[in-house]
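Below are two complexes that have chain A in common, paired first with chain B and then with chain C.
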Partner chain A sequence: MKRLKINKFRVISAVTLCVFVLVWYLVTAVFGLFPKTMLPSPDSVFFSFIKKLTSTVPDGGTLFEHIFASLVVALTGYVIGVGVGLPVGISMAWFRPVDHFVRPVFDFLRTIPGIAWIPIFTVWLGIGLSAKAAIIFVGVFVGTVVNVYSGIKQTNEVHIWVAQIFGASKIEILKRVAIPSALPYIFTGLRVSLGMAWLGLIAAELLAAQKGLGYMIQVARNFGRSDLVIVGMITIGIMGALLTLALEFVERRVVKGI
Partner chain B sequence: MSDRKEKTFWAVVSLSLLTIVWFFASQMESMKTLLPNPVDVFKFLVAGAISPIGQHNIWGHILWSLSRVFVGYTLAAVCGIVIGSAMAWTKVGEAIIKPFYLLLRPIPSIAWIPLAILWFGIDEKSKYFIIFIGTLLIIMTNVYDGVRSVDKNLLGAARMLGAKENQLFFKVVLPSAVPQIFSGLQVGLGAAWATMVAAEMIRSSEGAGWIIIMGQNSVNMVQIYAGIILIGVVGLFLVTAMRFLEAKLCAWNIRGK
Partner chain C sequence: MFLKIDNINKTFTSEAGNNEVLKNVHFDIKENEFVVIFGPGQCGKSTLLNIIAGLEKESSGNVYLEDKKVTKPGPDRAVVYQNILLFPWLTVMGNVEFGPKSRGIKKSIRQKDAQEYIDLVGLNGFEKSFPVKLSGGMKQRVGIARAYCSKPKVMLMDEPFGALDAQTRYLMQEEVVRISAHEKRTVLFVTNNIEEAIYLADRIIVMTNCPSTIQKEYVIDLPRPRDYTSEEFLRLRQEISSIVEFTR
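Here is the complex of A and B:
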């Protein structure tokens, strides 16, 4: 009985998606209500996708080259951002003087979106890998620090007391009690910042780049190739989802017993 | 109260220290082209508050940016709450909406900019759309989680006392989801502001993002820094205002403290 019910809603989902694609096809390919530069038909998006796997028109790169370029930039900025954000967040939460000094500056900096730094980083670092990685770094750094900070702050005080009674030093308590208990928060931070890295990357590539998925949709827009814009957007979405899935896989391996 | 005083004290100390470091760094020969003098940036901001930069003075630019955020954000908040609760509360709604939600969620709001320009041109509508789509998914996620995490005992009690389904929703589910919805509205507002900056940097002739991008085009580092500080201050103000509103409207909620 219960299984039947689930199937019924699965069917509704499938039907809605089919109806959506059918309506999309009807208004574009059959009735031609929208010009091609605004809304391409679903089949032309599909064929552009297949073609883009090997073709370098009009932006000088195949889909895989763009994906690879984007991944390199995003992961560089992400790894550095996490690498710096973790120790900063932990020391802000654990050592009061650091908290006093760094917190106000951090609270101000976090309200500035990573995108706003683009002009400064392009002056400092040019438009190569390092400038784009720096933009991503800012977003990832903020996301990591916020979550790590609140994770460490939420450590159960009773656990800290117990550790103190058994004679653990402050560093030992941090290593053995606070960080392990903050792991779920830390992973939330890693996941949130991965999303931010991907967003910052697209922004950076829209404004200054010669390769990458963001660059690809920007060029496609200039040529009025809405089919390629949609191919690019779908690829961006799929890559973002895949990265999140990979991180969740690692999380399940590392965070046990919670 | 003394805790608050202490916090303010340290905030003043650390922010002034930052400004002093910035000042001395900007005096170094090698940093001259990269880092303008903070005094110049401050002067630029004061001058911009009175005389126009481009077509408007600073207040005009901020108002333009805020009006864009306001339109896109309000639409997203209303639609997000309605669609999000429909997705969470009715099974049919979930079956219909969730596939689209799952498809659209991983696409960052900024990736919509090229398509928005193709659809709506380069005027205001495309900016409203980008802010709308970015904020909508954030608010929907929070509304969905909030409605879903309603205490089952409350639902059972209300059902036992004879509440109808729509009463159940408006009297029990929605009020208990308010804290989550509010945190969605708050995160959404920050995201809307950031998206607006991106949209203005890519195409606009006024607004806070325009100040930065014009600074870049005319190689005016002072203007770039002034624009960034402006964006930070307005963003901070928006978030604080939202927290204040939450504390007033949801006083019963611990999160509001």
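Here is the complex of A and C:
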């Protein structure tokens, strides 16, 4: 019964998607309400997509080269941001002196959006990998710290009691009680940060890049190639969804029983 | 004396005023004695247990375990709660071996030991299950196995079966008698169920309602397992019920 229900909702979702594409097709290819340079038809976008898989026109790279370039930048910034954010967030939540030490600076920096760092980072680091990774790092770091911090802070007090009763030390309670119970929050942080990473990446590439999905969109816009702009947008969406799926896969493996 | 509760007083102070919950509570427990604290109402009994566990601070008085003053929680006093408080992210095995792991006991040794207690409480085959998959009675068994496995000197049980249905509750009472026959421990058991008290106790300490103070003590020397319907059981039940003042 339950299975049937899920399938029914899947059908509804599929119908929505089909209707969306159909309307798009009708207003472009059939009724021609929009000029091709403003809104190309879905089929022409699809063919542009296929063509772009191998073509380097007009931006000097195939779609895969752009995806790869974007992934490298996004994951570099993301991994470093998470790698630094996790220990910082955990220490701030668990050790009060660390909290007081780091908090003033952190609270100031967190109010500056990641993309506001773009100008200064391009001045410091140019438009290569390191500048864009740094922009992504800032957003991911902040998102990770905030979520990990509140996750650790919300450790059930009685679970801490129970651990004390069974003789666990403060460090042990952190490792065996606080962190495991905060895992859902930590993964929320990782997911939110992944979104931020992708967002920061595209913004950075729109302004300063020589390859990547954001760059591809920007060049296509200058050439009046709306079809390629949409190809880029759809690719960005799909890649973001795939990354989120991969993270959720890991989450299901790691978070159990909660 | 093994466990000495030396003239404990406890008053909670808040903006609404003072709430005196424990008054001149004074008693001793012998090693391996099963003592039940029985009393009506919601006042003081759990607080007393938390003070003995070291989780709460007494207003005055002292708790001594083997002549050493109790000041903070420690592995010599394990607690089993009504709402069990298993670690949901750990399997049954992970929960039961939590105490020994904290004491740095080697994995092979502590898991063998934990397995014995899991078997003892009848959860063989559920070692890898997470608490969310277990029934209330099964969770409580895990709580008991976890407490035993940490080899405490005193087991503190705070209305452990209060949240279970009547049938499971009887079953768990039988289990406790069986387990404590198998493995002698000093137990301090809080309940507001008179039958449970008589069924389990070597000695019952009857406490009054707010502020809780000791009203009377009964040594129960009926042979085990006890029969809820025996004449002697019913007589005791009648006698203890008659002195307890239930408040609305």
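By our rule, the second predicted complex is superposed on the first by the 235 of 258 C-alpha atoms of A that agree within 3 Å, B and C clash if a C-alpha of one lies under 4 Å from a C-alpha of the other, contacts with A are read in each partner's own complex, and residues count from 1 in each chain.
As a convention for this text, a residue touches a chain if its C-beta (ideal position, glycine included) is under 8 Å from a C-beta of that chain, and two chains touch if they have at least 3 such contacts.
Computed from a predicted structure; not experimentally measured.
For A:Phe31 in the superposed arrangement: first (chain B), second (chain C), both or neither?
A:Phe31 contacts neither chain B nor chain C.
Figure out whether A:Ser13 sits in contact with chain B (first) or chain C (second), or with both, or with neither.
After superposition on chain A, A:Ser13 lies in contact with chain B alone.
One more residue to check, A:Pro180. First (chain B), second (chain C), both or neither?
second
Between chain B and chain C, which one contacts more residues of chain A in the superposed model?
The partner with more contacted residues on chain A is B.
So, does A:Ser226 touch the first partner chain B, the second partner chain C, both, or neither?
Once the two structures are laid over each other on A, A:Ser226 reaches chain B alone.
Output check: A:Trp117 vs chain B and chain C. Expected answer is one of first, second, both, neither. What do you get?
In the superposition, A:Trp117 contacts chain B only.
Using the touch definition from the top, say if A:Val162 reaches chain B (first), chain C (second), both or neither.
It touches chain C, and chain B stays clear.
Identify the residues of chain A that lie in both the chain B contact region and the chain C contact region.
On chain A, the chain B and chain C contacts do not overlap at all.
Looking at the complex, which residues from chain A come into contact with chain C?
Chain A reaches chain C through residues 158-159, 161-169, 172, 176-177, 180-181, 183, 255-258.
Under the stated contact criterion, what part of chain A meets chain B in this complex?
Residues 9-10, 12-13, 16-17, 20, 37-39, 100-105, 107-109, 111-120, 122-124, 195, 198-199, 202-203, 206-207, 214, 217-218, 220-221, 224, 226, 229-230, 232-234, 236-238, 240-241, 244 of chain A touch chain B in their complex.
If we count contacts the way the header does, which residues on chain B are in touch with chain A in the complex?
10-11, 13-15, 17-18, 33-34, 91-92, 94-96, 98-100, 103-104, 106-115, 117-119, 190, 193-194, 197-198, 201-202, 209, 212-213, 215-216, 221, 224-225, 227-228, 231-233, 235-236, 239
Which residues of chain C touch chain A in the complex?
For this pair, the touching residues of chain C are 53, 55, 72-75, 77-79, 81, 85, 87-91, 98-99, 101-103, 130-132, 146, 150.
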